[in-house]
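Naming follows writing order (A, B, C and D), and every chain is counted from residue 1.
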Amino acid sequence: MPSVAMTTTTIRLQVEDFDAAGEAAAITRGRTDIGAVVTFAGICRDHEGGACVRAMTLEHYAGMAEAEIASHVEEAVRRWPLVGVTVIHRHGRLVPGDNIVLVVTAAVHRGDAFAAAEFLMDYLKTRAPFWKREETPAGSSWVSAKKTDDVAAARWTRGGRDAAE
Amino acid sequence: MPSVAMTTTTIRLQVEDFDAAGEAAAITRGRTDIGAVVTFAGICRDHEGGACVRAMTLEHYAGMAEAEIASHVEEAVRRWPLVGVTVIHRHGRLVPGDNIVLVVTAAVHRGDAFAAAEFLMDYLKTRAPFWKREETPAGSSWVSAKKTDDVAAARWTRGGRDAAE
Amino acid sequence: MRILYFAWVRERVGRADEDIDPPRSVTTVLELMDWLAGRGEEYAHAFAGRGTIRAAIDHAHVKADAKIAGAREIAFFPPMTGG
Amino acid sequence: MRILYFAWVRERVGRADEDIDPPRSVTTVLELMDWLAGRGEEYAHAFAGRGTIRAAIDHAHVKADAKIAGAREIAFFPPMTGG
């Protein structure tokens, strides 16, 4: 009898730090059908485009952020055969070295886990309603959206890698 | 004064299990210039192409395996601006659920960390001298190389993603 | 109709949310931005670069030509920079 | 010249390594495989499908037409399945 396809998904928006290893372990615990686990951690850097960053504050649109992330997690599950997906995004004030975002994807094959993790990160960067305000020695200002992030997200919409896989 | 570009690399072949979280933490500890950490863990599965797998034994070519992995880590460091790279490959007998291989890549930007991790995994699959023997209820046999792995590795040699990035 | 503002749109408007009752002639998101821009100096400043401001109706991204009829909550914000 | 065998090549040959002294007429990896295949039934069996067998000279992957002159260690093995 073939096993039923089940994907464990976890989505959390929180002020608190997360435990990347613990989240990855939670997906694989007690299972022996997973061949690949990709963990992505986004971390607050002390430099951005040459400027020194002392801290950043992440504002988010509560309600919409959860819905937007959930819809992209669902899309990832539709596009790739995943065993588990975890997305955690922090908000509030963070200093360099702090964790910002975590994506964990688990699959039977590594290609699916890698693709889904990159897809989710590209979409979090461009579609999830979060805004970063950076504190530098020159004052504090809102971070501008990066064109490279739009380009990265666009590759999932047609042709590109998806068609080649 | 611009900081000096330094990449911390760690390569280990071992019978013992590894601690994925500890290895990732070792790369980021005390640093605030890292924006992205990608961790890939390859895990022994209980099914392979429909057949039940009870255990697998990984044979390797000591000496060449280290050299081959080191040369690909060096190539990854040349191709992408990485802050740290760790590759750990186990050998010996493993059962479903056991870790097999770990790749951790840390970079300022996520695209570099993702690309380097995928590149290293594709090369470990097709160029590192390791051979898997699987034990199934029908007996034990050597795993055949997968054409999909060759295709995955070939995309790094010219054109493809690299040129598009 | 509840309106939310985020990031620099919020800072320029000077508030995070408010309830408004625009005239019936305001039917799209773009028309709503035009109408809001006429409500005072802070709104004019916030919506001066309305080409870059994004909008969501009831938690879903929408374009400037989206109809606002039936909307419970409309949000205005700059391009997202999370992740 | 030290020869190493891995995985099913090792199992078929019946040993993991040995020292050999092939005649001077054997100059390439392919010729070495032909010569080894003639050393007995187990070698003939191991090298029957020599199109799929890979080789390395002194820890570096090489093709079948690679010269073996100066090699200290030559290894024969099936396509790799690590990772």
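Just so it is clear, contacts are C-beta pairs under 8 Å (C-beta built on N, C-alpha and C of every residue); 3 or more make two chains touch, one makes a residue touch a chain.
All values derive from a computational prediction rather than experimental measurement.
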item: Starting at chain B, fewest touch steps before arriving at chain C; value: 2
item: Mean-CA-position distance for chain C and chain A (Å); value: 27
item: Distance from chain D to chain C - Cα centre to Cα centre, in angstrom; value: 72
item: For chain A paired with chain D, centre-to-centre distance based on mean C-alpha positions, whole Å; value: 47
item: Sequence positions of chain C contacting 2 or more other chains; value: none
item: Residue list for chain B, restricted to those that touch at least two other chains; value: 42, 121
item: Which chain pairs touch, all of them; value: A-B, A-C, B-D
item: Touch list for chain B against partner chain A, complex; value: 20-22, 24, 28, 31-47, 96-97, 108, 110-111, 113-114, 117-118, 121, 148, 152, 161
item: Interface residues, chain A side, partner chain C - complex; value: 42, 58-61, 63-65, 67-68, 89, 100-101, 121, 124-133, 142-146, 149
item: Residue ranges of chain C touching chain A (in the complex, touch as defined); value: 4, 6-8, 56, 59-61, 75, 77-83
